[in-house]
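There's a structure below that I have some questions on.
For clarity, chains are labelled A, B and C in written order, and residue numbers in each chain start from 1.
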Amino acid sequence: MKSHTEYLTMNIPCRMAFVNITPQVEDALNKSGVSEGIVLINSMHITSSVFVNDDESGLHHDFGKWLEGLAPFNPDPNHYHHNRTGEDNADAHMKRQMMGREVVVAITNGHLDLGPWEQIFYGEFDGNRPKRVLVKIIGE
Amino acid sequence: MKSHTEYLTMNIPCRMAFVNITPQVEDALNKSGVSEGIVLINSMHITSSVFVNDDESGLHHDFGKWLEGLAPFNPDPNHYHHNRTGEDNADAHMKRQMMGREVVVAITNGHLDLGPWEQIFYGEFDGNRPKRVLVKIIGE
Amino acid sequence: MKSHTEYLTMNIPCRMAFVNITPQVEDALNKSGVSEGIVLINSMHITSSVFVNDDESGLHHDFGKWLEGLAPFNPDPNHYHHNRTGEDNADAHMKRQMMGREVVVAITNGHLDLGPWEQIFYGEFDGNRPKRVLVKIIGE
């Protein structure tokens, strides 16, 4: 069994954004030499996500609005108890639960075995600081 | 390490439905010859899900109503910007995020290591056309 | 390839709670002898979750309130059809979908490759009875 580990650093200059990281995952796969196996891609932070969806700017706008409606930003410590710790990011923990921590993608014949529209995204919900994404590949 | 890959084709003759695909995953496992490992099952499309829950028709009714409440269908391009592309399925992208893209199931002693009520489902949110599900097995 | 399987039993004496199970997963990893690979941790029940987030009591309060708002407990069989089966836990199936069934964590140099605040939680949404969590480790 082969394994390969990479850490991507994300620097998002705003609170919420979605970044296509499929090219970086493909680069890691090429370095790994794995032709059959899986790749795990996960945020190493609890206020951001890794997920698979469409690379379409209108949809990303819709995701932002939808998440803000279901888990609104509110720094008031009477609204979210987490914000009594001095943080203001309780909402980001919830947005991340809706979009997910991780994805596992199959590797077949040396390629990411993705459907025609599947792209891998980093979703930031509490940006303005560096954060890491783990790429772990196992297989043969 | 052994690996085995299958692609299931789903043809759902309506917009939203849930289909138990546990038998197809068991078939793939039997063909793989793997007795210890994992199986990844994921939708290859971004408007459908693979998830684990209960095979009970009342619950599926409830899931449909609940998802429609939290991410309603609305073809109006003023409501969802994604629908300015000519699509009408922005809501399906959101429903899929709530139900998830994929599941990973353990393989122990040659069987899917599922709890007593765990069944694997395909969740369709924009049907009426063929779509694919990937089954990837790795192990020994 | 090595593999290791453990079943944790959870006994939560209330309807909803979040329990940090990172120490039990680390114990399983130490027994496995795996230094490079992955660990799958999943609830074996469909009314509870395994997820990664912050070990902060205010946040757990917020999660409970948020989930109750989006998928409220309601035993009335006219509200949730699932409750026509004699169950009262339809809401727990929905809460579990929001928080997720499983996590996959990388194993690097013999350790769980978690970010600084990442902790692994069991989330119970229909407690007061024993339930199981599966820990499956594969690697070398």
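The rule we apply is simple: contacts are C-beta pairs under 8 Å (C-beta built on N, C-alpha and C of every residue); 3 or more make two chains touch, one makes a residue touch a chain.
It should be emphasised that the depicted structure is a prediction, and the values quoted were computed from it without experimental measurement.
Undergrad: Could you run down the chains that neighbour chain A and chain C together?
TA: B
Undergrad: Give me the rotation angle that lays the C-alpha atoms of chain A onto its copy chain B, rounded to the nearest 5 degrees.
TA: Between chain A and chain B, the superposition angle is 120 degrees.
Undergrad: What whole-Å value do you get for the distance between chain B and chain C if each is reduced to the mean of its CA atoms?
TA: Each chain's C-alpha centroid was found; their separation is 20 Å.
Undergrad: Counting only residues that touch at least 2 other chains, which ones in chain C make the list?
TA: 1, 38, 70, 98, 100, 104, 138
Undergrad: Using the touch rule from the top, collect the residues of chain C that touch chain B in their complex.
TA: 1, 3, 5, 38, 40, 42-46, 70-71, 80-85, 90, 93-94, 96-98, 100-102, 104, 132, 134, 136, 138
Undergrad: Can you check the complex and tell me which residues of chain A touch chain B?
TA: Against chain B, the touching part of chain A is residues 1, 36-38, 51-54, 56-59, 61-63, 66, 70, 98-100, 103-106, 108, 113-118, 138-140.
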